[in-house]
Every structure is written in C-alpha cells, then in structure tokens.
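First the structure, which I've put down as structure tokens, then a few questions once you've had a look.
The letters A, B, C and D name the chains in turn, as written, and every chain counts its residues from 1.
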Amino acid sequence: MQVLYFAWLRERVGAAAEEVDPGDAATARDLVERLIARDDRYAAAFCDLAAVRVAVDQEMGDLDSPIDGAREVAFFPPVTGG
Amino acid sequence: MQVLYFAWLRERVGAAAEEVDPGDAATARDLVERLIARDDRYAAAFCDLAAVRVAVDQEMGDLDSPIDGAREVAFFPPVTGG
Amino acid sequence: MHVSVQREDFDIAAEISTLTAGDRDIGAVVSFTGLVREMTPKGPISEMALEHYPGMTERALEEIAAQAQQRWPLQGLRIIHRHGPLAPGDRIVLVLTASRHRQAAFEAAEFLMDYLKTKAPFWKKEGDGGKARWVDARDSDDNAARRWGGEGT
Amino acid sequence: MHVSVQREDFDIAAEISTLTAGDRDIGAVVSFTGLVREMTPKGPISEMALEHYPGMTERALEEIAAQAQQRWPLQGLRIIHRHGPLAPGDRIVLVLTASRHRQAAFEAAEFLMDYLKTKAPFWKKEGDGGKARWVDARDSDDNAARRWGGEGT
C-alpha cells in the first residue's frame, strides 16, 4: 500500500511517500499505530491525532476509515489553500 | 424651477427638462397636480402615481417631499440599472 | 476615484490591476460584471438603451460607495456603469471590491449591486428591432436591497 | 474544463472571456481572486510555498464544482489554483461563476471558496527570509463552509 504524507507530517516523517505493508490494519488509525511502533519519526508526526486528516484512495476520510484494499492512504494537516 | 423627466415619463411629457413656475406648490405632489391641470400630456405621464419616483435637487425623495427653494425636481419610474 | 458613469466599455483586468497596485495587504478581490442578456421574460432583444440622470447618478453611486466603505473594511472599491446604446453580450456594470479577507469583499460587492439596482437613476429600454419597451423594476431587487437593513430602498 | 491546478499565474480577463464567449444568456459574472498578503497575524512574510496533493486536488475541486452546479443554475464555472513558490501580491486562486442573475453567481462563488478552503488538499508555508512555518487552518473557514449545510466540512 502506498502511504503519502503532506506538509509538516511529510517533514516529520522525512518522506513524501513510501510503500507500507498494512499487515492486519483495518482502519487508518490501525495503520498509524503500526507506523508509530516502527519508528520515532512517526511518533513525532502523529503525536497530535486531532490535527491529522486522512484520505483513502484520494477521498477524504478520517482515522476510522477502512483501508482494506486501498491502494493509497494519505495523512496531512487540515487544509489551508485558497 | 427646473423640472426633469426620465424614461417613459420623459416620453409622455414630450420633454426631458423644462422651466416651471411652482406657484404655491409646497410638495412634489402639489407640483404634479399643477402640471396635470396644465396639459393632458402630464395627465398621461402621471396617471399612475404609484409608479412615479421623485428626486429633489438630485436627492431621492417622494411625492410628499417639500420642494420649497429647490432648484431641480425630477420625476422618473423605478430605476432599472445594474 | 471610485465611480465612473460612461458610454465606453471597461477593461476588468486593468481595473483590478489599478485597484490592487502597490497594496500587498489585499487578500481578496471580488468582481461583479453585469451583461446584457439576449433573452428577456418578454422575448429576445437585439438592442438596449440605458438612460441615466447625469449628475445625480454620480452622486448616488458615490453615496452607495461611501456606505459600503463604512460597513466593511475595504482596501479598494470601484463602480463603473455604462449608459447609451448597448447590445446583447455587452458589459453594463462593473463592481470591484478589495479587502483583507473574502467575506468583506463578497458582502460589499453584493451590497453595492443591490443598492445600485434600487437607488442609482438608470433606466433600461429594450428593443427587438421593431418595438422598444422600458424594463419594469423587479420586486426581487427591492427585496435584495432590504436585507441590508438601513433606510430601505 | 472547470478546474486547473498549476504553477503558472492566470489571466482573469482571458478566463472571463473564455467562460462567457458565445453565451448571450449570461447576465452576471462574479470573480474571486485570492492574493498572498504580506502581513500575517504572525508578522510580515517575504515568501509563501503552496504544497498540494496531485491527483486528489483535481478530484476535490471537480467534486466541489459539481456540487455548485447542482445547487445553482450556472452557465459557467472555473477554478484555478496555483501551487509552488509565491510572493506577497501574487495571485493564488481564481473562482469564476456565470449565471443569468447575480444572486446565483454570487452565492456559487462564495460556496466554491468556502468549500475549497476546507476540502481541497493545499497547505501553505510562509517564510520571512529566515524561518518558515506552516499556516494553521482557521476555525472561521470551517464555520463559513458549514453555513451551506450538506455533509459538513
């Protein structure tokens, strides 16, 4: 599964995208926990989950969105365009 | 006193502007009555007073606006610009 | 100069450039352009004539502009209204507002158009090649102006 | 084509011409232009970088455009959003709406901006020559989007 990071999440993780084996992660939140267990960089990126937004296959979702079968999961802060 | 007419009021009166002696007319309504008494063209122009708007010295008013000392009184239909 | 009443067409991009030039504290610019529509409730038209009240028109538009500037924090404001003969597709009116944030710019532009529609002395006459008829004022314009409160329409 | 996400600047007058060309039933065109402000709540800035999510950005903007077209009778609609490095005074975003009457054009343009501000995946980073910081989302933008009802922000 392709996992993408944007803005300060990208900076803290130190990567814009990476291939991740989701294992038995059923939701975006499960995936976050799996990542945090892997490395401190993820703990820093995901320290405030209230400030984390999620898209699954380029559709806005949230931490409880199912990721089963998803090709692409993205994590980013609240958007600030316009 | 200069009296101005716009749009279909101008067409029915047959003049865009004319010098009128207001006599003892105290309000725009008095002036209208004085004009109607003068000629049928004014009766045609002012037959529906609900559709007549008034400006006194280029300030929006109404038929009851005083015209004492005014240099310019204008009659016209509701505006339709923009 | 906030207000122009003119026969000539206007250039929206040039007007926006002039309005915003040198002010880097503007975050939002709203433009409204009114155009002559070919189809009217009474059928298609081929020409339109806009009559106005020289002198009072400018005063009324300046007054409307001053009210908008009192109500909203605007860095810039511009009103251009044409008069004379026009054809379908022609531009009639331009309203521009510039502010730090979008809400003030949007609201002020809507206010300017609503007030202009009910308070500025312009009258439209539509022609279809044969007959020509004066356009009736619309109740919906009175209602739109009333929502801003104040002294009514 | 309703939506463009691009590094290049845009030409408002050319976009309006393209949007309205050949349609003489358009009576109202509203444009919104968003600009980079020099002064921010945290002090003056000298540069801004706009990051986005290629692919999803276009989808989100197309979805917002489709919602506006369902809600209002629009003859035309256009969204252009820039990304990459920008400076104070630079244009960031253009929203255009065209309709028969002004109310639909104004409301749709406000809706597009409110939704874009809360649903399109863009992130601003401001720099003052030394430090650079990510811009925080504003509660007022969430509230603005919420007033249109629907599935929330």
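Just so we're on the same page, contacts are C-beta pairs under 8 Å (C-beta built on N, C-alpha and C of every residue); 3 or more make two chains touch, one makes a residue touch a chain.
All figures in this text were calculated on a predicted structure; none of them were measured in a lab.
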If you check the contacts of chain C and chain D, which chains show up for both?
none
Chain centres from averaged Cα atoms put chain B and chain D apart, in whole Å, by 49
With centres defined as the mean C-alpha position, give me the chain A-chain B separation in Å.
72
Whole-Å distance, C-alpha centre of chain B to that of chain C, is 26
So which bits of chain D are touching at least two other chains?
34, 113
What kind of graph do the touching chains make: line, ring, star, complete, other?
line
Those chain pairs that satisfy the touch definition:
A-D, B-C, C-D
Residue numbers of chain C touching chain D in their complex, please.
11-13, 16, 20, 24-39, 88-89, 100, 102-103, 105-106, 109-110, 113, 144
List the residues on chain C that touch chain B in their complex, please.
34, 50-53, 55-56, 59-60, 81, 92-93, 113, 116-125, 134-138, 141
Which residues of chain B touch chain C once you look at their complex with the stated criterion?
4, 6-8, 10, 55, 58-60, 74, 76-82
